[in-house]
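What follows is a pair of complexes built around chain A, which joins chain B in one and chain C in the other.
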Partner chain A sequence: MTSMDLRDGRTLRLPWPRHTGFVAGARLQLAIFRRGWDSLLALVTVPLFTIAFLAITRHAGRTDLTAYAVLAPAVVAVIGMAILTSGEVVTQDRSNGSLELALAAPSRFPIVVVGRVLVVTLVSLVAVVEAWLVAWIVFGVRVPVPHRTAFAGALAVATLATVGTALLMSSVFVAARSARTFQNTISYPLYLLGGAFVPVPLLPGFLHPLCRAVYLSWATDLLRDCLATKPVPDFWPRLGAVAGLGAVGFAAGYAILIRVVDRARATGRVGHE
Partner chain B sequence: MTQPPSAAGQDGAPTRFAPPTQRDAESGYAPTVEPPATAGRVAATFEALRYACLSALADLAVIYTWKTWTFGWLARVLCQVAFFALIGRLLQNPATTDYLLIGSAVVIVTMEAAFVTASSTWERGAGTLPLLVAAPTGPFVVFVGRSIQWLISGTASANIALFVLAPIFGVPLAFPTALAAIPLIVLIALSSYCFALLLAAFVLRVPTFRNIVGNITWWTIGLLGGVQVPVTFWPGWVGAIGEVLPLRHGLAGVRVAIAGGPAATILRDAGLEIAVGAGWLVVAALAFRRLAEGGRRTGSIEFGE
Partner chain C sequence: MPPAVEIVGLTRVYPPAGKRATARTALDGIDLVVERGEVHGLLGPNGAGKTTLCKILSTVLLPTAGVARVDGYHVVKDTAQVRARIGIVFGGERGLYTRLTARQNLGYWAALYRVPRKIATRRIVELLDRVGLADRADERVETFSRGMKQRLHLARGLVADQRVLILDEPTTGMDPVAAHDFRALVRSMRAESRTVLLTTHDMAEAEAICDRVTMIDGGRLLGTEDPRTIGRWISAYERVEARPVPGSLAASLAALNGVTEVESIDDDGVRVHTAAEGATQAVLRTLVDAGVTAITTGRPSLEEVYLHVIGARGLAV
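Right, the complex of A and B next:
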């Protein structure tokens, strides 16, 4: 359902995935991916991360941590693309001079952005396949997934939560003057707090409350447990935590983006500030 | 994944030579151009290098304030090094923690030096590359100087990461020998910079790949240079490639210095790092000459991407 008829005969358009702006945003992002490799930087580095992490665990004789070493590059790439590619969505529009036209279009601009960051996040999932393939090709390691349904479910919810975070990033970056400095700054703090490789309990205690406020720490713990042979403890509550924190990120991102757009319209400084 | 911040919006360098005036044209005055003497050419080369370095410093001032560098970039670098050092804690192996912390801190300088691939392409984006190729001083001189901001930032980041995080993670630093790590990191910065200049010559032909090439470069150098695991972990032929890449010998020297090892070993590693850097500098100069000559011949040095 993309619209509903009101009693006075008007039609209320809803921000639903089939919305024209959403589809246009998704198609635009796909076209950008086809045009250049630079927006796929995070995927290009996945093999190198995988080789490095597997080399570290194997050199230390800890083959029991192989699943950690293969999952981590995928997580790093998904978050990396959320920061580097999704984060630049609005900033790029602004530097291209297309932001004015996008804001003047009938479609709601935040819906277009949601379409774009969803495509970026879905494309970033290629990193999961990439990491598993590199482990197999380079080290001859096959990483089994004993809890396939749980893993798929956790990955799907984590992906949606990442869309929320990516939307938040694109909103914050456009509000900030130097998006690139911001992008470079937050990547490793997020990997660290999100437990991309090292689980949160092994981080210093004072960081734990902060880590638990990041959806990624719940998601990586859950995904790692899905790769272990023993039953996954507290699956549903933990999945709920990922979904809840992801929804909070999405709501915050959407609200900030609307505010940024309204401010740009009000001040007439849509382009370069 | 890291992309260098852009310095777009910076003012151009001041024009040093005035065009002919209307009075010159009316009086029929035509300046004769004679090739400068050797001393003059050397002086002009150094002057071009000085201006390129000044341009790089101006870029640095645009890219960072001391606050954004300290609380933004440096904070990220510290998190990056801590991220790898904590893997040692996961492995329950203190020796691995020490190894990863030292390697991850030192490779920061190579990572920042690899930004040269991106910042060199800014000249193409700004439309100044054809002018540099047409100038009497070779473009290589300009490119050698125009990205030194990464050397300054990288050397500072790597040293701070090493000497701040090592005590926090309980890595023993054998002072005063450990201080030899500082000049060794400077040498690694220079050799990595020379290698990255070679790649910049290629990336100037395909600027779209600037960030990808830069990232693949520093990761590969790190993997083969003993950042994450000792070089003996890799098959022999892979290790042989690492022998001629920057970082490897310098990092080995840093590890010896931090452990309070013999000065002779440190000096030998420093010498090898200098030799590797000098070799890549020569290759980079040849690559830039080829770029300029090829561009003149085929007219392929165009404005923008």
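Right, the complex of A and C next:
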């Protein structure tokens, strides 16, 4: 039960929560997924990437990299959906004409977007299950998770950080000029700087500071360490880095989205239409 | 109790879109009152400022100057209250999630308007039935005709049981049957004492469903009229095209009461402009009596009527 202040000083008790915009966004995105599988294409690529990466590591005799080869396709799919699906949420609303109508509704539009982006990110986690299953079914490899609780915690925090990054992308893509070019080119730099394919310590030293500014680099390193048998070093500080950078991305994305909405009201245009 | 819509000195200037562009005044200090339970038409040609006014009232655009209130609430300072009270339907097919069903679309908008789910479920069924889409409730919107999408838009505008509705050119592109049905829906809203502000550039539509009509052009209100007056204008300002019309017959036509102009078209034809009730019949009778059979009549464009009205009364309408 929430309340609304009336002009005469009375308070009106509302039988519905103010966060219904979040729930509305989440339900909308689920419905869109059910009705249009093309927005889930990133998940289709997971088996292909998993087979390719595992085939390479096995051919090279590097079974010690099996966990890396399984984790990489999942990370690529999660980030791919953050860029291509979450990143399109606001832009598509602008294109189909529903953005102005949503801005005229009582629910706060940025909250609606957060609900949608959260659902996209949660659905993208199917990629983790896919990669593990393909490794098992195709190669007979069962990738153990020795630190299950730590892995689950790291995955949960990484998921929330991805929501923050996805929100940032959806707002930047609608606000920026030449956003489509940016959207099409950002994925591979992000995979590399985020250590999705190659762990950050193996990248050239001059890239390390840049990598450490990306939450994904902390997240992938942490997830990989959770798949090793030795103890996970500095778990909490590293988890904090994932959460902190994710929070920064979320705050920036939310602020940009509010600015986009304010500018739309001021100029009559949403971003660079 | 405040009026449903109250506008005082409302101005909206769009900033230049580029370095060489200039600022554009879409609304120029307009004043307007729409009483509760009224169906009020806003009549004007494309670019008159109708959509800008609708956007300001629905809080998605800020005015440059002036005040607009909906149900007594300021559209800039009390956006939450205004948004909860107003339903908006923009013209055209856009604004729906076409891959989703009609029911899913309405469910989403009901949630955005914070309608409790139990109430929303019941209301969506009622609305779909009311707009004639009950049988198509669970079909994807992408399979709908333009008229069906417009009716779904109207249902969307009513999903939170809003008492003030803004319909921005809702019948644009509709076929005549769909437009007729749509107008019947608007009349039923009046019967429920809802306030409707409807923009259109169709004089006949304004005459058919509005209690009062305000004409707008170039961002300025030209005046508010009873729709019957609009109807008189439509019947008065007509034009008749005929051929072949010899010069002597053209002179006879020009001499008739209510004929304002006879202009030559092509080699042997004329276009006769009238500005009084009954003048068209007199022109037609004269032409037929003279043996002319290639005759067409047409209603004036909105701009032509404006020219007549403004020419006769200036801007102090």
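Everything that follows uses one rule, which is that the second predicted complex is superposed on the first by the 248 of 273 C-alpha atoms of A that agree within 3 Å, B and C clash if a C-alpha of one lies under 4 Å from a C-alpha of the other, contacts with A are read in each partner's own complex, and residues count from 1 in each chain.
Following the convention adopted for this analysis, a contact is a pair of C-beta atoms (placed from the backbone, for glycine too) under 8 Å apart; a residue touches a chain by one contact, two chains touch by 3 or more.
Note that the structure is a prediction, hence the values are computed from the model and not measured.
For the composite obtained by overlaying on chain A, chain B and chain C can both be accommodated side by side without a clash. Look at A:L101: by the touch rule set out above, it reaches chain C but stays clear of chain B. When the two complexes are overlaid on their common chain A, residue A:A266 makes contact with chain C while staying clear of chain B. Of the two partner chains placed around the shared chain by superposition, chain B is the only one that A:A42 touches, whereas chain C remains out of contact. When the two complexes are overlaid on their common chain A, residue A:A31 makes contact with chain C while staying clear of chain B. For the superposed model, the angle subtended at the Cα centre of chain A by chain B and chain C works out to 80 degrees in steps of 10. Look at A:L192: by the touch rule set out above, it reaches chain B but stays clear of chain C.
In the superposition on chain A, contact is made by A:V23 with chain C only, not with chain B. Overlay on chain A (Cα): least separation between chain B and chain C is 8 Å.
On chain A, the surface patch touched by chain B in one complex and by chain C in the other comprises residues 36. Looking at the complex, you find that chain A touches chain B at residues 36-38, 41-42, 44-45, 48-49, 51-53, 55-57, 59-60, 62, 65, 68, 80, 84, 178, 180-189, 191-192, 196-199, 202-203. Listing the residues of chain B that touch chain A in their complex gives 1-6, 63-64, 68, 72-73, 75-76, 79-80, 82-83, 86-87, 89-91, 93, 96, 100, 208-212, 215-216, 219-220, 222-223, 228-230, 233.
Those residues of chain C that touch chain A in the shared complex are 14-15, 52, 55, 58-62, 72-73, 78, 80-81, 83-84, 86, 88, 90, 92, 94-100, 104, 107-109, 111-116, 140, 156.
By the touch criterion given at the top, residues 4, 7, 14-16, 18, 20-21, 23-24, 27-28, 31-32, 35-36, 96-98, 100-107, 112, 264-268 of chain A touch chain C in their complex.
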